[in-house]
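Take a look at the structures listed below.
Here come two complexes built around chain A, the first alongside chain B, the second alongside chain C.
Right, the complex of A and B next:
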């Protein structure tokens, strides 16, 4: 029983990482119609930057915040490269693949090929449902949840958030009513970068990251995002939790070598279910 | 007169270029030494894979990030069948057919989805493929690999030397490129072309967009499976390491370099990137340099190529070249230019020529 709780807590915290990445996919896709393959790079670069800042003596907390800001800036640059100028959806996707490759090369050059980690939140393990949990897990879950709630409030309650939603539902009408669609696109990339960075700096103390971790993160983030069909941040959160817990249960009760493969089979099944569902909807219409 | 008629609608300089390249590559195996013959075969096999992926990306507007998985699946299928006593040539054909069948099953549903579901679906397929291969040692050799793969034999003729493989690959590449060219110019090809310009307009004009995309995807997988099968017989040893995700990305870069949807671009992209990759590896692997330098160099250069090409030459080297020649031609007297403009619309690039009415009324559209 306590083993199961342990798996669930690990799974849920990984799930929040996927949910942060998935929300980045959703925000960027809604506003720009770009599927950002470089979503995982934000987490890897954010984590690595925090690692270097901590190594340079920046106090814990400040280093993580600075790293998240740096990830947002990287997101902004990636957005500028991808959406300024006219490109077909295929060319945009390939551009983000190029950016992911570039980040990998840069990360390998600067930080090398060994997995990196640093000490997270210090303090005694906390007793949850009969087992002891590292406080970093709870920090990851708490900060992710707060970030997602703040994001939801911004999208739902502020002018900027409403402008972004307008771009998502009808870019032409949004432009007619004076919204700068490109600027909203850049903002969505910056938010995607920040979300990836938050995930990266919080997960690194728990699971060491290597320079090429971005592909796995990107694909699992995408998998979570398609649960909500790249449109719904709420379902993306649910998707993230499904994939995080499923992965952890497979790793725990079966074998760690199979965890990603099983998650990906699950992703393909969800894709097929979505295809089936959408086809039925089209027939009804 | 009949001969002249058949020439109408083809671009004479381009046709000449293709004939020259075909002749040179046909003679080349006679003068190459064994290491260069390996490069030669590698380029030929990559051309076959890229021809399929280019049709998929250029016409169906879909990206596959699992082409190396189809390549690998074809390789393992051909090798395992041949090791179980199938005639190698039959095993090769079966491998290509099985690869196409897998793509057909996966694509039938994924291709209905927007948002590049296929790109991530195929990437997932590749990671699953690698995981399955690594964990079924009894069947696939596992991480250690599969050895003692018999050589390819065409009836009584066994391909024993690198040179004989080079000729075989030349023939296969030529057949695949001709087939692709004919597909782009046939009725389905016109449907695909219409689809590339505007899927909704094509659909309104009676093109079954999903079915065309699906056939396009299955064909690209069949090409990759065929090339992979030949690779297995040629190398004689298979392991999961030979089919990394990076190889899929490499195929993608070859498509972008050659130009999406162009048949001749497949060869140009495959040749350029194969040579560049080998140069970077030898450049970065000098003994005094850090061990990860070749990978850093390769990934960095690939990234820069992708980002710059999509901005500066969105239709690849071939499209860029055909635009430059067209600009030069506009300087020569009007009558000659008009004649060549009519001829140039037969060019196989969907992305290359600006929209122009051709003699038979089809529209070679330029997609943005």
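Right, the complex of A and C next:
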């Protein structure tokens, strides 16, 4: 029982990491129609920047916040490269893959190939449901949840958030209303960058990251985002949690080598089920 | 208010507008009629800066707001948000003036725009454009897909608004009867150029307009 609880807590915290990345996919796709496969790079670069800042003696909290801001800035630059030209969404998708490869190479040159980690939140392990949990897990879950809630409130309640929704819903009409759709696209990339950075900064103390860790993160983030057809932040969160917990249960009860494979099979099953459901709905209409 | 001179717009090799000139005076309501594919929507998209002209000039002495063909609302957002977003570049985001003009919308303000009837959607589309505090309102296909009685109602609102505030209106329509009824002056657009223009009453009697838009001569 306590082993199961341990797996669940680890799974949920990894799930929130995937949910942060998935939400980045969703926000960027909704506004720009670009599937940003550089989403994992934001997490890796964010984590690595925090590592370097800590090494330079910057206090923990400040280093982490600065790293998240740096990730947002990287997101902005990636967005500028991807959407400011006149590329089709498909060409932009390939561009994001190129940017991901580029940032892997840059990360390898700067930080090398060994997995990096740093100490997370200090303090005694906290007792949850009969087992002891590192406080960093709870920090990851708490900060992710709060970030996602704040993001949702900004999108749903603020004027700028509604303008972003308007760009997603009808870019032509948004332009006619005087909204700069490209600028909103850049904003979405910056938000995606910040979300990735938050995930990277918080996960690194728990799971060391290598320069090429972005691929796995992008794939699982994408898998979670596709649960809501890249459109629904709520379903992206649900998808993230499903994949995080599934991965951890597979790793725990079966074999760590199979965890990603099983998560991806799960993604394919969800896609098939959704396609089937969609067909049924279309028949009704 | 608006002076368009020798406007040419191309889509690749195809010429959509071939030297269009027209004018809308301050406080004037002007109709532009034309069949499908005549270039009406291209003209409006060029006026609002979505398309770039190859040659020709557009001079607009004030702010232009464009009510697009097919309404083009934000279907997932409520009526109130649709209206407020129209004021993205204006100083005030308060839609109460639009609600005064279309009292029906006040009761629907929390309803998602996608769930409204066609007439209500057209009111939201016009209201959203008005939120930009325009001096000239360019409306594309006001009557499209609407029941005649609803079109009449919205047309009355427009005439009222024009009389009260001096807002200039460029009404782009396929329905010549409606357009001539609302606007004292009109242009006829045919395959990218102006085929006729003048007071609506005189265009009404032009044989070309009669046969193309009014279904033949009306004998009295």
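In this text, the second predicted complex is superposed on the first by the 281 of 285 C-alpha atoms of A that agree within 3 Å, B and C clash if a C-alpha of one lies under 4 Å from a C-alpha of the other, contacts with A are read in each partner's own complex, and residues count from 1 in each chain.
Criterion: a residue touches a chain if its C-beta (ideal position, glycine included) is under 8 Å from a C-beta of that chain, and two chains touch if they have at least 3 such contacts.
Keep in mind it's a predicted model, so treat the numbers as computed, not measured.
Enquirer: Counting only touches as set out at the top, which of chain B and chain C does A:177 meet: first, second, both, neither?
Expert: Second partner only, chain C.
Enquirer: Tell me the contact category for A:264 with respect to chain B and chain C: first, second, both or neither.
Expert: After superposition on chain A, A:264 lies in contact with chain B alone.
Enquirer: Does the superposition put A:95 against chain B (first), chain C (second), both, or neither?
Expert: It touches chain B, and chain C stays clear.
Enquirer: Just chain B (first), just chain C (second), both, or neither: which does A:29 touch?
Expert: Once the two structures are laid over each other on A, A:29 reaches chain B alone.
Enquirer: Return first, second, both or neither, reflecting whether A:162 touches chain B, chain C, both chains, or no partner chain.
Expert: The answer is second: A:162 touches chain C but not chain B.
Enquirer: Pick one for A:153: touches chain B only (first), chain C only (second), both, or neither.
Expert: neither
Enquirer: Taking the superposition as given, does A:128 touch the first partner, chain B, the second, chain C, both, or neither?
Expert: neither
Enquirer: In the three-chain superposition, say which chain, chain B or chain C, touches more residues of chain A.
Expert: Higher number of touched chain A residues: B.
Enquirer: Which positions of chain A sit in both the chain B and the chain C interface?
Expert: none
Enquirer: Can you tell me which positions in chain B touch chain A when the two form their complex?
Expert: Interface residues on the chain B side: 57, 61-63, 65, 106, 109-110, 112-113, 115-117, 119-121, 123-125, 127-128, 131-132, 134-135, 245, 249, 252, 256, 260, 292, 295-297, 299-300, 302-304, 306-307, 310-311, 314, 367-368.
Enquirer: Can you list the residues on chain A that touch chain C in the complex?
Expert: 159, 162-163, 165-166, 169-170, 172-179
Enquirer: In the complex of these two chains, what residues of chain A are touching chain B?
Expert: Within the complex, chain A touches chain B at residues 29, 35, 37, 81, 85-91, 93-95, 97-99, 101-102, 104-106, 108-109, 112-113, 215-216, 219, 222-223, 226, 230, 257-258, 260-261, 264-265, 267-268, 271-272, 274-276, 278-279.
Enquirer: Which positions of chain C touch chain A when the two form their complex?
Expert: 48, 50, 65-66, 68, 72-77, 81, 84-86, 88-89, 93, 128-129, 132
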